[in-house]
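Provided herewith is a single structure, encoded as structure tokens, for subsequent inquiry.
As written, the chains take the letters A, B, C and D, and residue 1 is the first residue of each chain.
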Amino acid sequence: MTDGKAIILLHCPDRQGIITDVTGFITRNHGNIVYIDQYVDTVEGHLFMRIEWELKGFFIPREHIKEVVDELFAERYGMTSSIFFSDERPRMAIFVSKMSHCLYDLLARHREGEWDVDIPCIVSNHEDLRDVAGQFGIPFYVWQLAPDKSDAAQVEREQLALLERERISFVVLARYMQIIGDEMIARYPHHIINIHHSFLPAFVGAKPYHQAYERGVKIIGATSHYVTRELDAGPIIEQDVVRITHKDTPDSLVLKGRDLEKIVLSRAVSKHIERKILTYKNKTIIFG
Amino acid sequence: MTDGKAIILLHCPDRQGIITDVTGFITRNHGNIVYIDQYVDTVEGHLFMRIEWELKGFFIPREHIKEVVDELFAERYGMTSSIFFSDERPRMAIFVSKMSHCLYDLLARHREGEWDVDIPCIVSNHEDLRDVAGQFGIPFYVWQLAPDKSDAAQVEREQLALLERERISFVVLARYMQIIGDEMIARYPHHIINIHHSFLPAFVGAKPYHQAYERGVKIIGATSHYVTRELDAGPIIEQDVVRITHKDTPDSLVLKGRDLEKIVLSRAVSKHIERKILTYKNKTIIFG
Amino acid sequence: MTDGKAIILLHCPDRQGIITDVTGFITRNHGNIVYIDQYVDTVEGHLFMRIEWELKGFFIPREHIKEVVDELFAERYGMTSSIFFSDERPRMAIFVSKMSHCLYDLLARHREGEWDVDIPCIVSNHEDLRDVAGQFGIPFYVWQLAPDKSDAAQVEREQLALLERERISFVVLARYMQIIGDEMIARYPHHIINIHHSFLPAFVGAKPYHQAYERGVKIIGATSHYVTRELDAGPIIEQDVVRITHKDTPDSLVLKGRDLEKIVLSRAVSKHIERKILTYKNKTIIFG
Amino acid sequence: MTDGKAIILLHCPDRQGIITDVTGFITRNHGNIVYIDQYVDTVEGHLFMRIEWELKGFFIPREHIKEVVDELFAERYGMTSSIFFSDERPRMAIFVSKMSHCLYDLLARHREGEWDVDIPCIVSNHEDLRDVAGQFGIPFYVWQLAPDKSDAAQVEREQLALLERERISFVVLARYMQIIGDEMIARYPHHIINIHHSFLPAFVGAKPYHQAYERGVKIIGATSHYVTRELDAGPIIEQDVVRITHKDTPDSLVLKGRDLEKIVLSRAVSKHIERKILTYKNKTIIFG
């Protein structure tokens, strides 16, 4: 008999009876469902579902659940699914550069116990935030690229070795001002969360606040998204905005944007930790 | 064989298997489910659900669905349910006084075909908006109370007779500056939608913009809610806010508030027409 | 002796003493200042100011004010200024196509007396909204372009003749789904207000809601701006946004967007009518 | 000859010529004005102004400015004014209880150099956050009241002695769950900033998130205000809100509220540090 809860995230082409089938399977095996949410994309004809049930008394041993689910539903419904357990805390690596506002926000939430997550390491391309990591007692690793970036591949290999060693489940780029290499993206597909300091797809790339200032917009934004190979083009998880006026300068936009960035990034990290995000065709389904 | 869709709104104490049971019942009778959303209030231990299915091919004749549903589930689960049909357009009465902004917003949406609703009559306590009703060709009825309001009961009886005659399913108070009598509230329980020009529960009662000005708030709001016997205390359907500054006067608050009022009221009316609102213990569950 | 108020909108390179000089000039000539707001763009080193004063008792006849102001300040400070009088109501032309939501919002405000403006004509490229114009008793003119648009120049000339005849001071494109010709833009520089149904500069051009749906954004917006020769690239006057979710379809985005569009357009029109907008280097300064 | 900038915050009954007079005074004494903003409350007939000018080359020695200003304007215009100097950093004391989110937000901003402020001490009624203070190397003082609060007056005296000793210019209550005594309020009039976790005046007093949950609101808020003798009734500095749904529990409201609280409190602290707040008749004028 096992304690804790199991979570299933699944999606498949929509057909009658899937919800009945899947909830029936859990109930029949004495799983007490405590959360269920589903969404049918009527444009794509695709079903997305998230169910959470108590493992106590559940007939199927936790290590066999995925196997049984696949046997029952994978082929029959063309279903893709992932199983998570509430007592397996995800392990999160944070990548930073020189700015501390997002890092502090993440670490303060962690310390407050807001998230069921471990943070075994912080990675940076500069020394600036070593003391922040020190304040929270988290190991801090620095790889500074050569000016010609000739060592980029080597650095990425070493970073991946660290992530492997620390059994990192997902990576948060907390204003990490450097492009992530393809190998790392391939190793963590839809498991690297970035915060971009604009309301994407407006102002892709460098210096978005300066771009916003130049264009004279009346609202600025921030966007958290999963990193894919195309720059700033991955599935959007969360966005928020703040009103500005003609009185704002590039500097004041940077300041106002900081508050957006940390909140928007942390909301995305929350949803990821709670396993409430499904991705499909470069979009996210976010359960409530 | 019938066309159109059926909608069920239900709630009951939460127990395992209800979702499987209800969706199974529809599927087994060859109903093609096109919408399902449910919510479990874990604090109250109560389940709320909304399902929509196509009537074409459904085994049970539409006039017997409610009866069968009750037989199967009412006692067994302690379930309260309502059945609606997509081809039965609700009939909406609008009550107004002197201000036209909400009325225009409602009528413009109706004319644009945004809502599946009929508007057989507009009721007022003043003549001011008769020409607006005329612009849209909708009958306009005026009852002006005596200064001592001694005829309030008589007026209410006449208004109820009109609503009955016009088979009105729900009433929208579009800035109707008059208290609704208990008899009408009893006749339309949670079917009278009001717009209050404040962020309730702040600034209950008269002149909320002046109250907001006096208090020096930095944000004002509007609230749409179902009318109950206690003033401005019914279940809240929708709220929204707008930022103000020390530069705003009571007059400019009134102007800014108008835009809020009409949007917030219309959002509530939309949800009501789509049968996406359940009320429970003086709160609303709003399906997406 | 004259009644009403005069409004000056001015801008010039910032130097010490300008505010003292200009306010001193008005006070010395017995003008009672009732509004003053100024803004110094410290990045550009440029001053923007708006002053409103009562004409009653003002020494300088209203028809000579502009001349005196220019004599005193134009060369000395490199100042550009415009003078308006509160009793000269601007005359606004509305251009529409097939959608009525923005048009109704503008006309309802006009009828409510929210704006000091005249609306002598509505222009369209389709017949669809003729009856809406009729509801409000406003002349409705239709020019439908030939399929090959070979008559575009001729149509523009005729439209300009109408605007001239009606002494139109500014034009509002209330979802007018057609490009404005260069001649009209040149004739009404920063006096044609458009509403674009996206959060510019995201989703320039056609079908922005579909673009937003494809990209999977979590917030959609609307932008009102002055029309310039480059499409959707003129000075932004106002923007606003609304949160969406993965549940939204292109159709529901269109619906949600409508409320944004009409509010954002009307806010821009308000500011324009109140002469509270200055444009400079493709940006707007909006006085409070 | 002095460096840095002087800031004047003033208000008085509105009369013609005040702006010309005050700006003229500064310009005449060779002060280079770099910021000017004023606001006339037309309802109250009262003028509020903030001017910033460079002290380099200013004729009047900084220690005599206040005296000269008062001589010129205090009696003549009934003017109340305060003079600040940009090189005199305010000294801020933070009062906390058990929750760290606001404290971290304040300290992270301080460490990032976002504010020109010193933080010589943190005061608490519990030991819980001693290590947070330690992380940032700031002295942490604890006074825990006796259960019967019989020592409240004595504690307040000791706290005031600390504030005096540390030359504290203003106090920030970063979720300090204890009433501030009248003596401290009298000693720091409109210089104690509180964050209340509701959209005031809704949900005054204890457990506002639970009150919000009970009422079924669709939006929650947070309010920063100056502390006065009446509970939660002082001049409001800043408010913000976040949308919630029926799915939110009291616990999730608390979580969502945290992000509001820290942002709203920090915005108020920013404005206070920048000397951009004037209070008048229990309201604030916030300069941009």
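Here, a residue touches a chain if its C-beta (ideal position, glycine included) is under 8 Å from a C-beta of that chain, and two chains touch if they have at least 3 such contacts.
What you see is a predicted model; the values in this text were computed from it and never measured.
Farthest chain from chain B, judged by C-alpha centroids: D.
When the C-beta pairs in contact are tallied for A-C and for A-B, the bigger tally goes to A-C. A separation of 38 Å divides the Cα centre of chain A from that of chain B. Taking each chain's centre as the mean of its C-alpha atoms, chain A lies 42 Å from chain C.
Counting partner chains per residue, chain B shows two or more touched chains at residues 42, 245, 247. Contact residues on chain A toward chain B in their complex (touch as defined above): 16-17, 19-20, 23-24, 27, 32-36, 38, 40, 42, 243.
Across the complex, chain B is touched by residues 99-101, 104-105, 108-109, 111-112, 114, 135-136, 245, 247, 255, 259, 263, 266, 288 of chain C.
Every residue of chain C that touches chain A in the complex is listed here, in rising order: 39, 41-43, 199-203, 215-219, 221, 235-241, 245-247, 249-250, 282-286.
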